[in-house]
Every structure is written in C-alpha cells, then in structure tokens.
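In what follows, subunit A forms one complex with subunit B and a second complex with subunit C.
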Partner chain A sequence: MQKKNVISNNQIKNLLVTTIIGVGILSLPSNIAVVLDNDGWIAVLVSGLLIIPFILIIDKLFKMYPNKTIFEIGEEVLGKFIFKIFLIIIAIYATITLAYSIRVFGEVIKAYLLERTPIAVIIITMLLATSYASRAEIEILGRVATMVYPILLALFIFLFLINMPKSDYTDILPLFNADFTKLPRGIMVTIFSYAGYEIIMVAYPLTDNRKDTLKYTLRGLFIVIGIYLAAFFISLSQLGVNQLKRTLWPTIAIAKEVDLPGYFLENLDGIVIALWVLIVYTSVGPLFYIGGKTLSYIFNTKSHDVFILPLIPIIYLISMIPDNIISVYDEMGRILSYFLIASIMAVPAIIFFAALIKRRRRRT
Partner chain B sequence: MNISINLNENVNAIKEVLKNCDDVVYRTIEVGESSKTKTLMVFVDGLANGKVISEFAIESILKISKLNKINTESIMSNISEKVSDEFLAIHDIKEEYDLDKVIEMILIGETALLIDGSDKALILSTRGWPSRNVAEPPNETVVRGPRDGFTEIVRTNTALVRRRIRDPKLKVKSMQVGRRSKTDIAIMYIEDIASDEILNEVIRRIEKIDIDAIGESALLESLIDGNHLTPFPLIENTERPDAVAASILEGRIAILTDNTPFALLVPTTVGTFFQSSEDYYTKWPMASIFRFIRLSAALLTVLSPALYIAITSFHPGLIPSVLAFYVAASRINVPFPAVVESFLMELTIELLRESGTRVAGPIGSTIGIVGGIIIGQAAVEAGVVSPLKIIIAAVTTISFFAIANYEWALALRVIRFIFMILASILGLYGIMLGVAVLIVHFARLDSFGVPFASPFSGLGLKEGDLKDTIVKAPIQKLKFRPIFTFPKDKRRFRER
Partner chain C sequence: MKKLLVIILLFLLPFTTGCWDKVEIEQRVFVTEIGIDKNGKEEGINKMTVTYQYPNINNIGKDSGGGSSNFLITTESSSVFQAGRQFMTKVPFPFYYKHLKVVILGNEFLKEENLIRVVLDELNRDTKINKRVRILAADTTAKEIMEASFNKEQRTEGTIYATVRDNRNTSSYTTKSLADIVTDFDIAGVTLIPRISLDEKGSFVVSGGCILKNYHFLDWIDPVENKVINLINGDMVIETIDVIYEQNLISYAISETETRRDIKVDDKITADINVQVEGYLQGYTLSDKSSIENDEIIMNMEKAIESEMMKAARRTISHMKEVKADLIGIGEHISKYHPKEWDKIENDWDDIFSEVEINLNIDVKIRRIGLTR
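This part shows the complex of A and B:
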C-alpha cells in the first residue's frame, strides 16, 4: 500500500511545471517584447536561470533539516514571531497572485469563450472548482499535476508544430540588438512567469526518494524555460516584433492564425483556451493550497481546508478592484512584484542564511 | 450449550430453537435388537441431499440392526465412533459437541446424527441443493476465450479458480459475514505475490462489517470500498474465472461471495477498468486498438452530449461554418433550446435502456423496435429533436456499451448529466471545469490505499504500467507485474 503523504519525484516535477505555467504564458511574449524587442528571450532565459540558486537553497535547507517541513524549519531558525511575519507576507502574496491570475483568466475566458457571461460568474465558478483541489493534500495535487502534464505538453507541442511551417523565422533576427541596460527591467517582467516554483518548498520533504529530487526539480524548471522560450520564438516569428508588442495575448493569437484545411475544427483558439482552463486550474490550485497552508500555520489550525472557502470572497473582491485588463497588468502587477520578490526569493534566502549562521554558531 | 447424553433432551432443545421451521426433518431410527438404542437424524429438507441420506446414512444404520453385530451395552461409551468408523458410508463426517454449532451446521445443509447415550453429534456432509450449472456469463462474453462463468456457489467458484492456478501458494481464506445470513466469503490470493498490507486491509475491513445479511457481493463492495460518496466503483467485479485467475496472478486479491456469481477484485484502478480479458487472447496490435477505442468511448460517453450543447448554444464558431449552418438549419424546426432537447433525448434513451435490461426475450425486442422507430423517425418528424442530436445520442449510447466494465460505464453515464448541465450554463468553459474537478476527484479516490487514478496519476508510470493500460504491449514486453498491487514477486515473464 502506498504510504500517505508521499509524493514521487516525477510528481514533484509535474507539479512544478503545471504550477508555474498558468495565466502568465499567454501574455509573456508580448510583455517582454515591449521591453526588450527581439531579445526578450534573453530575459526569459536569465530569469529562469535565476530561479536555480533558489532551488539549490531549498534543496540544501531540506538537507540540513531532514524530515521537517518548511514551516517547522522556519520557526526553528527564525523564531516564531519573525517567521509568522514572513508567513503573513507569503499569505498576502498568495492571495494577490490568486486574485491577479483569476482576473486575467476571467478576462481571457470572457474574451474568447463566453462573451455575454458576467466576469464575476467566471471568477467565482473557477474559484469554487479550484477550492476542491486545494482542500486536498499535496500528494493529491501531485497526482492531478501528473494527469494534466501530458495534456499541457501535448497542447504546446501541437501549437508549436502547426505554427512552424507558416512562421517567418527572419523575424527573430537581429539577435543581441536590444538595449541591455533594460535587461533588469525585462527580468522583473519575466520573473513573474516563474511564480509558483515555491510549491516545491511544501512538496520537497514528502518525496519518496530524496536523492533524485533536485535532479527532477531542475528538469522541471528546464522544461518550463523551454516552453516559455518556444512560446516567445513562435509568437515572434508568427506575428513579427511590432505586432507582437501590440497583441495582448500572443500565445492565443498564434492559435487563431492557424487554419487547418479539412479539419473538423475551424477556430483553434476556442479549443486551446478550453485546454488552457485545465492548465490554469492546476496552476491556481497549488497556489491556493499554499495560501491555505500558510494561514493554517499562522493560526495554528490542524488542517488547511478551513481557510479555503473563506478565502474565495476575499480573492474575488481583490480581483475585481482593477477596472480593466490593462490596470490588472500594470497596477496590480506592480504591487504584486514586491510581494513576489519578497516571498519566493527573499524568504527562502533569509531562512537559508539564518540557518547557516545558526549552524556555524553552534559549531564554534 | 453442550449436547446432553439424553437424546430426548437434545431433541427438545433443537426443536425449541427450530420452532415453526417446518422444512426441518427429524428422522428417528432404532438400532439394535436386544437393547434398542435410539438415533436421530436432523436435516433441512431441500438443503441436504435426500438421496445421500437415504442410501448411505439411513441404509447403513438400518443394516446395523439387521446384522445385530452391535452390542450396545459394551460399546456404549464410544458408540458414535463405532458408528462413524464402521457403518456410515459418507465421505466427510465431523464431530460436534456444541448444540448451537450443530444447529448452524444443519442450516448449512448438513445432517446431524444424534445417538442416545452419546454426548456428541456426528455431522454428516450431505450438502446438496439445487444449483445452476457452470455457464457462459451473459454480460462478459468473449469471441475467443474460455466459456465458463461463476455460479452462485462459492465452493464451485473457488474450484474454478484453483483449476487455473495449481500453485500451493494460492490461498483461499474463508470468512463469514452477516449475523443472520452467515454468508460464506472466500478471499483468494497468491501468498508470495499479493501484498500483505492490502490483504490485511481487506481482512480488517471485512471483519469490521456488522450487518444482518449480505445478499450480493455488491452489498459487500459498498461496505468495504471505504468511500460511499463517489459514483465510481472502487472495486471491480467479474463473473469470469479466467479474469479472476489473471488478476490474482497480477497480485490482486479476489473476494468471492456465496450466492452470487460476481467476484470482487481489489485493488482497482482506472487502468484496470479499461482492460478486458479478451485483450489477452487477441494479438497485441488489435488489443491495443480496442483499448484506445474503449478510452475514447469513455470520453464520448461523458462529453459528447455536453459538447453538443456547448457548441450549438455557445460556440457555433468553433466548428466549420458549413457545418455550423447545417446544424442551425437542422434545428430550425426544434422549438426547444439544445439543453432541453438533449435532456429529452438522453432521458428517453435511459428509459429504453432501463426497460430493455429488465425485460427479456420477445418483449425486449419489441421495446427495441418501438424505441428505434420513435427515436429514429417520429421524434425528428414531429420536430422534437434535431437529426444531429439523434446521432449524438446514439454515439453516446453505443460508446457506453463499448466500455468493458458495466459499473464503471454506468458511473460515467450518470455524470454525463452533470456535464450537460455545466455545458448549458457555462459552455465549453463549464465542461472544462467539470473535467478539472473530475480529474481531482479521481486523484482523491483510493482503492484499499492504492491511488485510484493510477497509472495516470504517477504510480507505475516509471515502471511502465502504461504498457498495459493505454495500449496492450506484447506479452514479451510485459515482463513485470503491474506495480499498483505492490507485488512481492515482481517478475512475471522470463525469457529462456
């Protein structure tokens, strides 16, 4: 019989990929093209590589404190009070990210599938459906991710393959022509798309084979980077840099460009969006789970699922604050980026260095 | 209560317990010539084989008096042994000292022989009741493969399985469930393959049952599956001994219940529901295609009516414009929205299916003809449904019958109504939400601790369990048993 609370390395990899890839992939190529033109891929690559040290930090941290959860480690290293402040930051980050993702999701669904349905209906139904996943434990999220992963991979491979023959690859050129002083700003844009990797902080200690976890996690990260790069290049070569900058969701736009002669389906974008619902679902679910889990540690409750349903109206209200999609991306995105940097980069780094100092002090 | 030496006391005690049971027969025979000893046989008419009792028990005992070999005075102390050893021509005789046990045995169909002056009863194995012969199971027919099916008698069923696996490691553990029904249950497994943890869990869950009667294995199934809220079966059932034997060899555990030909198989996963025993009797490329067809049939059963609703009422732009015009034109006479139309049609089909399964033979075919005409022509001509909807309904129904396992197909069939409602409110988006929730639901289920969604959800992916799930690889490639049963002996096939 399989032991409870165990997740295999392959499931961790799938969980990582499906959690990171979500609403971000639709707008990533155009957002970065606005900053870096043709060379947006450099920012995608660099920010992806930037995640590696943090994964290494997390790996090292769990090696220093085996069989402990990130919450137990944080409390031991930083003390209860400081760690709880950190947890509050993470909870705010999770809530805002959820609101942001769900709002963008609602706008896309409204634009492509349900023109006449109020966006509130879309957001609330999605949140309710997601809550079913996030009330479960992490190993169940891992199983869900493993089931959705082949669908995700097949969707993108299909999308790239059908676009390949009609693309104009000269659009990718000239390479290395952009203003590289803009690179940090570009990275700030693209680092958004890697939010969600922090799910491994919860999944890591539950692995069934500690030796290979790092390998699988990095493999998952590289798959994500690969998909992002492919999405950028395909959108760029299909649309050209000027049109790419002006397209809100280029990854769907390229699906619209394709017509398959003799095929049963005329408009591919509807199908792509339909499958993308699954991808967003598996991206929002784990984030929602993190939100609930963090709150349950702040309030010392036994299970996290009591916080999931009360979070729904809060997320809904926050998601409805921006007036339109542009202000979602601009204003909400700006606020979010502070919390994002704090939660997914600063917190693990601080815990790690505090642990290092503590260990050294004990030795001397 | 212990058996007393005085026969009359015993008779009265038994008669007191079995009061108003008029199917119980008491047959008194007196033995010996000089000093008569009273003997009594008690059995249930119909459960015990009367011919065996007359020919081999009563006749033998009557011979005792004729030969008068027996000097009752001298052997009074061990008269029962004497009778059993020297006279009775019955193949299995047990001794019993407890009256309650004796009554229990009588109710199973054995005959109790009580002799005056002896403090024990002889239980003669005379079980024999009317039963069905081994016949081909009607629901799981195969083109090629063995044609025997389980019967209602658990002993026959265990024998059918043991005939296929002559391994001394094949164990049969007997249990009784039901305070009143005292139903026999046989748990079959191969000791050095089946996982101890799963086996112990099965035994633990069966022992925990405290119910008055188990009528059918379905009742047992719902008592031990551990989740009574899900519509999906977490335990597979089959009538085929070859399927049970094959599953046992995979490391699964079979639970056979008396009075039903349906054996239960645990653990069960989504993958096992797409396997049919015939897959293993046909060549692998064909079997693989059938697997694929069954997988698509499952998808079509759940999704096709919902997709029809979503596309006609929300997203006509998704399909080619020529087809979209045709769909619109075919629906021009239909006064209802697609949802109502679909529900009308699907409910009619359900009605036909239900009445078709309940009645047999000539009446059944009448229903088929009536249904065919009503659905095929009249409904369209009356403008109640569109021709396209009839195609969709037909595809849904045919897909339902293509899925190998009936219970599993039934569950999928029921949830298609949920998908239809979702599609009618939120279109394609609603369908995808339903799919997502369904995936999570599968991930949350487990069958005796084994993730139900295996191998799709991860367990066994690396070990290659997909080779016998989505496709059926040639047996040379299936060297290892599937991992979801956590088998002790992993290797199944060796090349020499």
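This part shows the complex of A and C:
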C-alpha cells in the first residue's frame, strides 16, 4: 500500500459527518413530520441506531481481512462475477444519489439565491467544483472534510442558539401520540438522510490507527444523529407541526424567521445557504468518489479519476428527469430508496455473512 | 512563452465571472409596507386593491435631495404580487420584497375568507418574503391608513413598522407576524392581530385587536381585553394599571407575569388558570406622613388591584365565550397534554369552548415601592 494514502481516525469521523449531512438536512424535519407528526424524532433516532450494526459489520469484516480494501474482500468472498453485479448496483446508486442531491441543491439555490440563473449552470458548476475534490484520493477528501467540519458544527450551533429564545418547546408535545404502524414508513424516509455512511467502507482500511477507528466512527454517527434531532426539534418548535409539514425546507425557513431584538440579525437565509453549499460540497464529493472508485473496479482501470468527468453529463441528465421538486422528492426518492437499501445495507451484510460462512467452512 | 500564457490567463479571469442575478442596489425598489383592501367590484378577477409603500432611495444619506421619504402607489389587482407586476408600467425598477415589514388588511377585506387564504398562502409561499412580516387589521381601508402615515417621519422602514416592531412597551395590542398567524390558525383556528385605526387628527393609532377565526373577521376587541389576553397567555410586557384605592389613584406597573394552566377533562372541562403578577408601585399620593405605613396597606392595595384586574378579565372571558374564540390557548393545551380527549372534541371545539368552566385566579404582588414610603 502507498504510504501516502493514509487517513487519521479523526479525519474518518469528520468525513463521516460531512458526507452524511448534505441536502437531506434541509427537508428531513418536514418529510418525517408528514409521516409521524410530532413524533418524527423517534424515526430519526431509530434509523440512526439501525446504522450501528452495519458499522459493526464493516468493522468486523476489515478485522477478518486486514490490509485489504472492500473491493478485494468482496471479490475474494463472493467471486468476481457476483461481486461485479453488486458493484454495478452501487454505481447506479451513487449516480442516482448524486443526481438527486445535486437537483435538490440546484432547486434550493434557485429558490433562495439565484432566481434567474438557469438551473443547468448551477448544477454543472457545482458538479465541476466537486469533481476536482473527488478526483483526488481519500486522504484529500479527509482533509477537506476536516476543514468543513468546524464550519458545519458552528453553523448548526449558531442556528440553534439564535432560534432558542423565540421557540415554543411545548410544540413537541404530545409525545408518543403518533400512529406507530407508520414507523417503518418513517424509517424509510429518514434512512435516506443517513446515506453516505458507506464512505467508511472505503476509508476504513486506510486508517493509521486501526484500534480506535470504530470508536471514532460511532462518535461521528452520534454527532449526526444529534444534529438531525436538534434540527427536527428546533424547526418543530419554531414552526409548529402543520407549518412544518407545509414547508419544503424548514431548516432554512427557521434561519429566515430569525428576528432578535436589535436590528441587525434578519434574513439569515443567505448566510446559511452560503455555508450549506460547503456542506453539500463535502457530501457530494465523497459520493462522487465512491461512484468513480466502483466504476474503476468494474472496468479494471488503474485509477478512478478517468470516470469522474464522464459521470458529470450522466448525473446532470438524470438530475433533469423529474419535472418538479415534488417529483424529485416523491418519485426519485422512492426509486432511490430501493437502491439505497440494497447498496448501503444489503451489500455489506451479504459480504459479511458470505465471509463468515466461508471462514467456517475452511475451519471444518 | 510561459509567462505570456500566464498573463493572458490572468487577463481572462475577469471574463470568467458573471452573475445572472446581479441587480444593483439602487436599481431595486424595496417594498416596506403593503396594504390590501377589498375592491368593491363584484365582477372580474381583480378582487383587491393593493397599495405599496416604498422608500425614496434618493432621500437617504447626507446629500438627500429632499422631498417625500416614501412613495405610495395603488392598483386594483388579483393578488399581491400581480400588483407588483402592474406597477411596472409606472415604476422604473423591479420591486424587491425581502424587506417587506408590514402588511395591513383593510376592514372589508378581512371579511373575505377566500381572499385572506389567497394572500396568506402567497406570502407564506414566496421565497423572498421574511415570514416575520407584521400583519395588522385596519378598521378603515388600509389605503387610508397608509396615506395618513407614509410621510409622518423621516423613516425609510415606515412609521407603522417602527411602532409595532418590538412591542415591548405596551400590551394594548399584540404584534403578530405572518408565521405566528399561520401557526395560530393551524392550532386553534383563531388568532388575534393588532387593530390600526385613525384618530380625529388623522394620524394612525395601533390599539386593541381584531379576532380572526377560520380566516375571516370575527370581532374587534378593546385594549383592556387585549391586555387580559396577553396576561393570561404570559405575553405581558411592562404595563401600568390604574386602580382607585381609598379615593386615590394607584399606578401599578407590571414587570413580570407567570401563568400556570391546569385543565381537567372529564364530562366537563374545567380550566384553572393561575396568574402570578409581580410589579412595582409607580405612583400613589403624597401625604404629610408616609402614605404606606405598613405591610397591610400594601396587601390591601394588592387586593384592590386584583379585583380590578379580575373585573376586566371576567368581561374579556365572557366576550371570548360569546364569540366562541379560544384566544387563551385552552384548546392548544388540551391537544398537547390530553391528546386522546382532544381527538374526541376537536371538531366541536368552538361550541365546547363556550361551555368550558374557566377559573381564573390572579395573584398580584407589589414587590417594590420605589424610593419613598
């Protein structure tokens, strides 16, 4: 292995947090409130906890095959042919997720900031900018994540602090009053917000300190859950449940509604979106990287960067298929959720159990 | 050769920047107030008369050219933003709504449920408008009020906004923003917005309130009732109450209030509302010896203030019950703390509210008496 391409545990944590938190944070509180009303936070929490077993699986897998990448392990365990089918699914998943994220990004920017700029220009500029980072190796992505991570934390802490004085916290009541048969549907909605955790599949074997990686990864996941829960509670207490359901992007809506005594803090949506662009950048970049990396293993090329630029027009075309923002969220989101579950949950689980069976067979 | 290339590339840099959305700040017209009235005509889709107020940009800063500080412009239109398009034939630059501060609804307009729904949705949906825009109800037409106020003071953001912006100094009216109103309608179906009217001299007065229920006008309330509602909701800000005590006038300034609601839902709904009021003595009467000799006098004063406040409160509550408007958050409280019962009564809440037994208890404390006794 190259000595250069090494990533520290802290960088893995930052990479995990910044990759997971992306376009989803804007609409998550509203999407989940539509399903579960005030109790949406339960689904946010449960689906976050659901990710933990998969992180443990990935950790176990890399313990069984030290110093190997996920691609090498997969090939060894499942055989070349089956694993390539899996990789194709992951590649499709990465492409559609990118298209989805970038389309939502374009819609938000167009709605709030650049009204007259064609959406094609917004999307292609963003894709070109991210492609620069994702052509590099994971080490670079880790560094970018470490730069953006404090900005991300500061942004959300700031957002929560300025909204605190005017929030009505009793809006969280009544607790546990929702129809819990809808919980699985709610989890389907929220699980999408945890897409991106699969970056650790690529980052894990490159760590410089194998012992603590699991600890840092779980810490990262809990930070994400914390931010999501806080985003849900603060937008619920600021908007009330009905207005929350109505709002497309409640996290920006609460930034816009800030009105503190003292004149100068008003209309903060511009600042919030400007910082959010960075967050999207660090979320789209790693996904782009995964897409490129998967393709490079499918076609047996030496490096992944040859696939990044050709992916841009494909992503752009897919992102332009839905007619409007509602169909992005509903139809594209539904198609995506199948690929999502297949590639971020089923694939690691299948590889893990196949590896277990193989190992047991070898022993007997 | 390489140097030349670098120089050429550097010179090319300015051409790579660009912005579709660039509009110079002096080429925007910042709308600060919008007034909406009902257009008397029955036919056609132009059901509203919309009035915009925007500042005279040339009149800002040191070298201002004088003249009026704000402009008013009116048209008949089908919606708030359609009016903005129609004004484009008279105004040189496009309107910019991000700094819209006040929306005034005219008295006839308030009675039209469909129009109010249209306007609220339009404002709520728009990406530029700040959802904290203050909404007021006019008891004449909105246009008249804006005409009376738009050149009162040299204020670019509008005199009305300066008056209602903070609302930390009076409880005679309750400032409501667009977001508050939408939330109120969601929860209780009823809201209270400040009333703005014209006095004899023709200047505007913000005082009292207007009850809107299910997106249309229900009733006016006076400043005293508004104070009581604020007191019960815990929104009371510094406010002075005058009471006659042994032929002398006591001025009691409220500095802090705390409300506790205890609602029991059985066959009958009983709401126990305990309000703790703390404050100080603003003024009494100067006599030869000290006018407050002992603790007992203060206690008696407290009682007198309590009974005065209770009198106003009883009047307000019976008024609310009469018009079936739950402005004191009893329904909201039940929906939060007794969700199962709320599901049963939610649909008939209007009728049930007028049957609710409300036991209000006001506990007044005079904590400070100023510098003399």
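Following the convention adopted for this analysis, the second predicted complex is superposed on the first by the 354 of 364 C-alpha atoms of A that agree within 3 Å, B and C clash if a C-alpha of one lies under 4 Å from a C-alpha of the other, contacts with A are read in each partner's own complex, and residues count from 1 in each chain.
By definition in this document, a contact is a pair of C-beta atoms (placed from the backbone, for glycine too) under 8 Å apart; a residue touches a chain by one contact, two chains touch by 3 or more.
None of these values were measured; they are calculated from a predicted model.
*Asks:* Is A:Leu114 touching anything from subunit B or subunit C once the two structures are fitted on A? First, second, both or neither.
*Replies:* After superposing on A, A:Leu114 lies in contact with both subunit B and subunit C.
*Asks:* Applying the document's definition of touch, where does A:Thr125 land relative to subunit B and subunit C: first, second, both, or neither?
*Replies:* First partner only, subunit B.
*Asks:* Which partner does A:Met164 contact after superposing on A: first (subunit B), second (subunit C), both, neither?
*Replies:* neither
*Asks:* Once the structures are superposed on A, label A:Val277 by its partner contacts, choosing first (subunit B), second (subunit C), both or neither.
*Replies:* Touch partner of A:Val277: subunit B, not subunit C.
*Asks:* After the superposition on A, what does A:Leu317 contact: first (subunit B), second (subunit C), both or neither?
*Replies:* The answer is neither, since A:Leu317 touches no partner chain.
*Asks:* Between subunit B and subunit C, whom does A:Val144 touch in the aligned arrangement: first, second, both, or neither?
*Replies:* A:Val144 sits against subunit B, while subunit C stays out of touch.
*Asks:* Between subunit B (first) and subunit C (second), which, if any, makes contact with A:Ser8: first, second, both or neither?
*Replies:* first
*Asks:* Quick one: is A:Ala136 in contact with subunit B, with subunit C, with both, or with neither? Answer first, second, both or neither.
*Replies:* Only subunit B; A:Ala136 stays clear of subunit C.
*Asks:* Under the contact definition given at the top, report the residues of subunit A touching subunit B in one complex and subunit C in the other.
*Replies:* The overlap between the subunit B and subunit C interfaces on subunit A comprises residues 113-114, 117, 121, 266-267.
*Asks:* Which residues, counting only subunit B, touch subunit A once they are in their complex?
*Replies:* On the subunit B side, the touching residues are 195, 197-198, 201, 314-315, 317-321, 426-433, 435-437, 439-444, 448-451, 453, 456-459, 461-462, 486.
*Asks:* For subunit A, which residues count as touching subunit C in their complex?
*Replies:* Residues in contact with subunit C: 111-118, 121, 170-171, 173-174, 177, 239-243, 246, 253, 256-257, 259, 261, 266-267.
*Asks:* Which residues, counting only subunit C, touch subunit A once they are in their complex?
*Replies:* 19-21, 98-99, 124, 127, 130-132, 166, 168, 177, 179, 182-183, 186-187, 335-337, 339
*Asks:* How about subunit A: which of its residues touch subunit B in the complex?
*Replies:* 1-2, 8, 10-11, 14, 109, 113-114, 117, 121-122, 125-126, 129, 132-133, 136, 140-144, 146-148, 264-267, 270-271, 273-275, 277-278, 281-282, 285
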